[in-house]
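In order of appearance the chains are A, B, C, D, E and F, and numbering begins at 1 in each one.
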Amino acid sequence: MVLVEIVFNVTQVLEMVIFVYIASMVMFFVRILRGPTIFDRVIAVDALSCDLAVFMALIALYTGNPHIAFPMIFIALWAYVLDLYVSKYLEFRDIGE
Amino acid sequence: MSVRNRIRMRYKKRDIVVALSLAISMLALAMVLNMGGLGILPPRTLRSLARSIVINTYNPWNTTLTSYSLNAVSAIIWDYRGIDTIFETSVLMAAVTGVAIVLRESHKGRKPGGQGMSIIVKSSTKIVMLLTIIGSLALAVHGHLTPGGGFQAGSAIGATLSLVLVALSLQFIHRIGIDKDTLLKIRYTVLAMILAVALVPLISLVLGYSYAYILQNQVREGSYFSMPSKFFTTPLAGTVFVFNILETITVASAITYIVLTVATYEGKTEE
Amino acid sequence: MDSLGSSLIPFICLMLAVLVPLTYIAFGKKVGSVVVLLGSITVLILALKLFVTVSRVGVIVYRFGGFPPPLGVVYVFDEVNSVLALSTSFVFLLSILYTLTFEGDRYENAVYSLFYLLMSGVYGCLFTGDIFNFYVSIELVAVSSYVLTGFNRGKRAVRAAIVYGIAGTAITSFLLLASFIIYGSYGTLNIADIALKSRNTSVEVLFSGSVFGDIVLPSKVTLALITWIFLFKSGIMPNHFWLPEAYSVAPLPALVLFSASADTLGIYGLIRLYHLVFSSESVIRDFRATMLGILLLLGTASAIMSSMLVAKQKSIRKLIAYSSISQFSLALLGIVSGTEEGLAGSILHLVVNGLGDAAVLYSVGILKYYSANLPQGYKHKPSVLLAKAVLIVGLINLFGVIPIIPGFWSKALLVLGFVKSGIAIAAVAVLVSAGLCAIGYFSALVRVLQKYKNGSTISSTGTKCLTNVVAVIILSLTLIACVGLGISITLYSSVRAKVIELGYNAMNSWRYIAAVLP
Amino acid sequence: MEILAEAARYCGISFLVIGCFFEIVGAIGVLRLPNFFTRAHAVTVASVGGAVLPLIGVALISLSYTELGLGRIYLACLCIVTALLILIVVPTGSHALVRAALRTKMEIAEEQSRGS
Amino acid sequence: MEDLVSIAFSVAITTFVINMIVGTYGIFVKHNVIKKILALIIFSDSLNMLSIAIGFRIAEKYPSPPILTTEPRDPRDLTQFADISVDPLPQALVITAIVIGFSVFAFLLSLAVLYYKYNGTLDIRTSLEVEENEEGFQ
Amino acid sequence: MLIPIVVVLVASTLSIILAYLTMVEKDLLIATIYIAFIGVLYTLIYYILMAPDVVLAYMPVSSILLPLMIVIVLKKTKRFEE
C-alpha cells in the first residue's frame, strides 16, 4: 500500500499525462497551420476534439469535481461534424437538401 | 474605374484610422484589466453579490430569498434574473422572424429532394441522433440539479437535427414529421406558454388571497404565493423546471427552423 | 401595487408579438388586426396611467420575482422615462393605425410582430434599473431594427441592413464589455447601486457589499465606452453612417418608430449616464468634465453639419434622417449644459422630434395615397386639406420658431439652459442649425405641395370609407398632440413649471437611489 | 475490496501511460507523414489508442478514488460511454473525409512534391 | 505558487484582449461580409471568455463549479460551498450573451446570402458604385 | 492549481495565432475550420475555468451550428474572398 503511494502518486501521473496531451495538442496545431489541403486541417481538428474529451476526464479527476464531466459525451458525439460538413461541401453539389 | 479607385482609397485611409484608434483603446482596456482595476485576478474571495446568490440558491433556512435549485446558474437564469432570459428568448424570436422575412421565397413548401451521404455515415448519424436527444432530455429535466438547462438542451437538439439534415437528407427530416410551418407554430405557442408561466403568479393577485410578483417562484417577502419546490423528495425548483422544459422546445424549434430555412433557400450558386 | 400595470407593458408587448402571428394563422386577418389595434391601445392606456401615477407619487420601483434590488432585476419608473414612454406609446398607436390602414396589404403579419418586439425592447430600456437588462433590451431593439431595415429587400435595403447590423452588433457588444467591467470592479449590476458606490466608495450595501478593487480607472473606461455606444445609437455625427441608409429603406411606420423611440434611447441613456450614474458628485468628476467638453464639441459640430446636409436633401426620408441627427445633437447639447432647463429642453426635444417626424411622414404618406387613389375631388377633400395642415404644423414644429408650437419651447429651454451655464457656442449652434434646417424644411414643403397638387389622372379604385376615417383620426390626433402641447405650455405657467421640474427630476439622483435602495 | 481498488488503480495508470504513448505516436505521425491518406491513419491511432485507452484508464482510476463519493461511479460510466461513442464516431468521420478526398481527386503527387 | 497562477492568469486575460483587438480590426477593416461576421464571432467569443475569467477565483483546493452536489443539511454546508465555488453570475450572463450572439449571427448570415444574390459579390464596397436611383419623395 | 492554468495559457496563446490567421485567410472554408478550432480551444478553457453550463451552451453553437451556417452560406455564395 505504502509502496503504491510512493511509486505511483496518481496526481503526479495525471500531471504528466496532461503535459503529454498539451504537447500533442501543439503538434496537431502545427498540422493545422501547415496542412496543405483542407482535409489535413479538418482531420487535425478531429484529433483535437478527441483529445478534448480526454482532457475533460483528466481534469474532472484532477480537480476532484466528477459531476462536471457530462459535456464529454457531447464532445464525443459531435467529434465528426466538421468532417461531414467539409466532405459534403466538397463531394456533393449542395448541403442539406 | 477611377470612381472605384477613389472609393477604395477613401476606404483605405478610413481603415488605417479606425484600426489605430481601436488598437489604442483596446490596449487601454487591457491595461485596466491587468493593472488592478478589478483587483488581483483571480481573487481569493467571491464578490458579495455572488456570495449572496451562492448561499441562497438552495437555502431552506432563508425561504424568502431561495429558489430551491442546486444549480446556481440555472437559478440566476430563470429566477433571480428571469426577465433577462425572457428578453433573450425574444431576441431569438426576432432573429427567427428576420430569417423568415429575409429568405421569404424558401418559405413556400418546396419538394424535398437531395441525397444523403454514404450508408456508414447514415447509420452512425442515426445512432448519434438518438443518443443526443436522450442526453439533451436529461439535460433539460435535470437542469436545476446538474449542469444544463433549457438553452443547452434545446441547442443540442437543434444541432442534432441540422446534423441529420446534412448526413441524411431533407426527405428524412420530413419523414420524421418535422416541417417548417409546424416548427414556427410550435415556437410561437411555447413562447406564449413561457410568458403565461411568468404571469401565473398574478392569478393569486386577482383571486386576492396574496400579493404576488411577475416571475415569482417561491415564497417572497410580502407574498405567500409559491410554486411547488419539491417533487416527493427530489428538488424541483418550481418555475425553473417548467421554464427549462419549455425553453428546450422553443430553442430547438427555432434553431431547426433557421437552419432549414437557410439550407433550402435557392440562392445563386457558383459555377 | 401602482407599478404592477406599468411593469406589465413590456410583457404585454411581448405577448402580442407572439399572439399576433398565432391569431393571423388561426382566425384570419380581421381578428388579427383587431388584436393588434387593441394591444396598442392597451399599451397607451397603461402608459397614461403610469404618467399620472408617477406625477402624483414620485419614483416607483417594481421588483421582478420579489427579489430586493441588487439581487434581482428592478424596473424604476420616474418622471423622465414615463414622459418618454407616453410619447412613444402615442407614436406607436399612430404607426399601428397607419400600417393597418394604408400599408396592411403590402406587409405580412410579421411586421406587427416586429413592431411589438421593438417596442417591448424600447420600454425595457426606458424602465430598467439594471445595466445588463439594459443590454439585453437594447439588443432586442437592435435586432428588430435590423430586420425592419431589411424588410423590403432589394439592393439598398440589404446593404443598409448589413452595415447597420454588423456595426450595431459590434458596438452593443461593447456595452456588454462595459457591464462586465462594472461588475468586476463594483461587484454589482444595479444602476442605483453603481451610482451610490461611484459617489461614496466606502459604502456598504445589503447583498452587494462594498466595491471590489479600485474603481477609478474602470469607471473612466466604462464612461468612455458607454458614451461612444450611445452616440452610435443616436447617430451623432461621426457615428451616423448607418442612420441615413437605414432611414431611406425602412418601411415608413418603422422609420417613424426609429426616429421617435428606438434612436432616442441613446440620448436617454446619456441622460442617465451623466446625471445619475456618474454625476458631478462621483469620484471621476474631472474625467466627466473632460468628456462633457468633448461631447460639447461633437454635438455642436454634428448639429451644424447635419443641418447643412438637411438643406441639401431632395428625398423626404433623407431629410428626416439628417434632421433627426441634428435634433438629437441639440438634445445632446442640452445634456452637456447640466442645468435644469437644458435637461428639460433636451427631454422635451426628444418628444417634439418624434411628434414632428410622425406628423411630416404620415401626412406625406396620406397625401401620396390620396393622390394615387382619388380620381376626382382631390383638391377640396377635407382630409387632404387636413393632411396639408398637419404637414405644415409638423415642419414648423421641427423648425421651432413660433411660440404656439412645442418645438419652440424645447429650443427656448435649451437656449435658456446654455445661457445659464454660460455655453455661448451651444446657443449659437441651436440658432444656426435652426436656420440651416429651415432651408431644407421649407424647400421640402414647397416640393411636396407641388408634387401632390393634383390627384391622379389615371382611373383607380378610389378610397374606402374606413380609410378616410382612419386618416382623419391619425391626422387629427397628431395635430391635437402637437398644437395642444404647445398651447398648454404657452398658456399655463403650471405646465411650464412641470416641464422644468422634469429637468430637475432628471438631475435629482439621490431621490432615485433612495427609492431603489431603501 | 482494498486490493481490488489497488488493482484498478494500477490498471488505470498503465492504461493512461499506454494511451500517452499512442497519443504521442499519433501526433508525431500527423506531423511527419507525407500525405493526407497516411495522416488519416495516424489520426486514427491518435484517437483510438490515445483517447479510448486513457478514458478507460480514467474510469478505472476514478473507481478506486473513495473520496469522490458516488461521483466516482458517475465519472466511470461517463468515461466508458464516451470511449464507446468515440469508437463509433471517429471512424465514420474519417471514412467520410477520405471518401470525399478520393472523389474530389485530390492530387496526391503534387502534394508530395511540395513536401509535408 | 499563487503568484505564478496570478501571472499566468494575467497573461491569459491579455491574450483574450488581444483576440478582441483582432476581432475589432476584422470587423471594421475587412470588406468581405462573411469575413466581417467571422471577426464578429471571434470578438464576441473572446469577450465572453474574458468575462468568465473575471468570475474565476482561487480557493484552498481547486475551486468547484457553482453547483451543489448534494442537498445541504446544515447552514455550514452552504458557507463551505461559498468558500470554494466560482462566481455564478458571469456564467449566467454569458449564456444569455451566447444565445443573443447566435441569433444575430444567424440573421446576418442569411442577409449575406441575399446580398450575394443581389450584387453577385460579397464585397461591401462594390455596391457603393451603383448609381443610387433617386425615388424622389418616399 | 497551476497545471490547469498552464493549459489555459497554452490554449489561449494558440487561439491568438488562429484568430490572426482567420483574418488573413483568403479561403473562407479554411477560415471556418479555424473558427471551429478556436471554438474547441475555448470550450477547453471554459471547462477549466469551471463553467460546465457555459460549455454545454457554447459547444453546439460554436462547433456545430455556426460552422454549419457558414458552410451553407459559402455554398450559396462564394468560397474565396477576392
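Note that in this section a contact is a pair of C-beta atoms (placed from the backbone, for glycine too) under 8 Å apart; a residue touches a chain by one contact, two chains touch by 3 or more.
Model, not experiment: these values are computed from the prediction.
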Shortest contact path, subunit B to subunit F, counted in steps: 1
More Cb-Cb contact pairs, comparing C-E against A-D, go to A-D
If I average the CA coordinates per chain, which chain comes out farthest from subunit D? C
If you average the CA atoms of subunit A and of subunit F, how many Å lie between those two points? 14
Centroid spacing, where centroids are CA-atom means, of subunit A and subunit C in whole angstrom: 50
Can you work out the whole-Å distance between the CA centroids of subunit A and subunit B? 26
Could you work out how far the Cα centre of subunit B sits from that of subunit C, in whole Å? 29
Sequence positions of subunit C contacting 2 or more other chains: 132, 136, 139, 143, 146-147, 150, 153, 177, 183-184, 189
Among the residues of subunit D, which ones contact at least 2 other chains? 71, 85, 89, 92, 96, 99
What are the residue numbers in subunit A that touch two or more other chains? 42, 62-65, 67-68, 70-71, 73-75, 77-78, 81-82, 84-88, 91, 94-96
Per the touch rule, the subunit B residues reaching subunit F in their complex are 71, 73-74, 139, 147-149, 151-152, 155-156, 158-159, 162-163, 166, 255, 258-259, 262-263, 265, 267-270
So in the complex, which bits of subunit F are touching subunit A? 3-4, 6-7, 10-11, 14, 17-18, 21, 27, 29-30, 33-34, 36-37, 40, 43-44, 47-48, 50, 52, 55-56, 59-60, 63-64, 67-68, 71-72, 74-75
The residues of subunit C that touch subunit B in their complex are 4, 7-8, 11, 14-15, 17-19, 21-22, 25, 63-68, 70-73, 108, 110, 113-114, 117, 120-121, 124, 130, 132-133, 136-137, 139-140, 143-144, 146-147, 150-151, 153, 177, 181, 183-185, 187-189, 207-210, 212-215, 217-218, 221, 224
Subunit C partner contacts - residues on subunit B that touch it in the complex: 25, 28-29, 32-33, 35-39, 43, 47-50, 52-53, 64-65, 79-84, 86-88, 90-91, 93-95, 97-98, 100-102, 104, 184-185, 188-189, 191-192, 195, 198-199, 202, 205, 213-217, 220-223
Given the complex, residues on subunit F that touch subunit B span 52-53, 55-57, 60-61, 64-65, 68-69, 72-73, 75-79
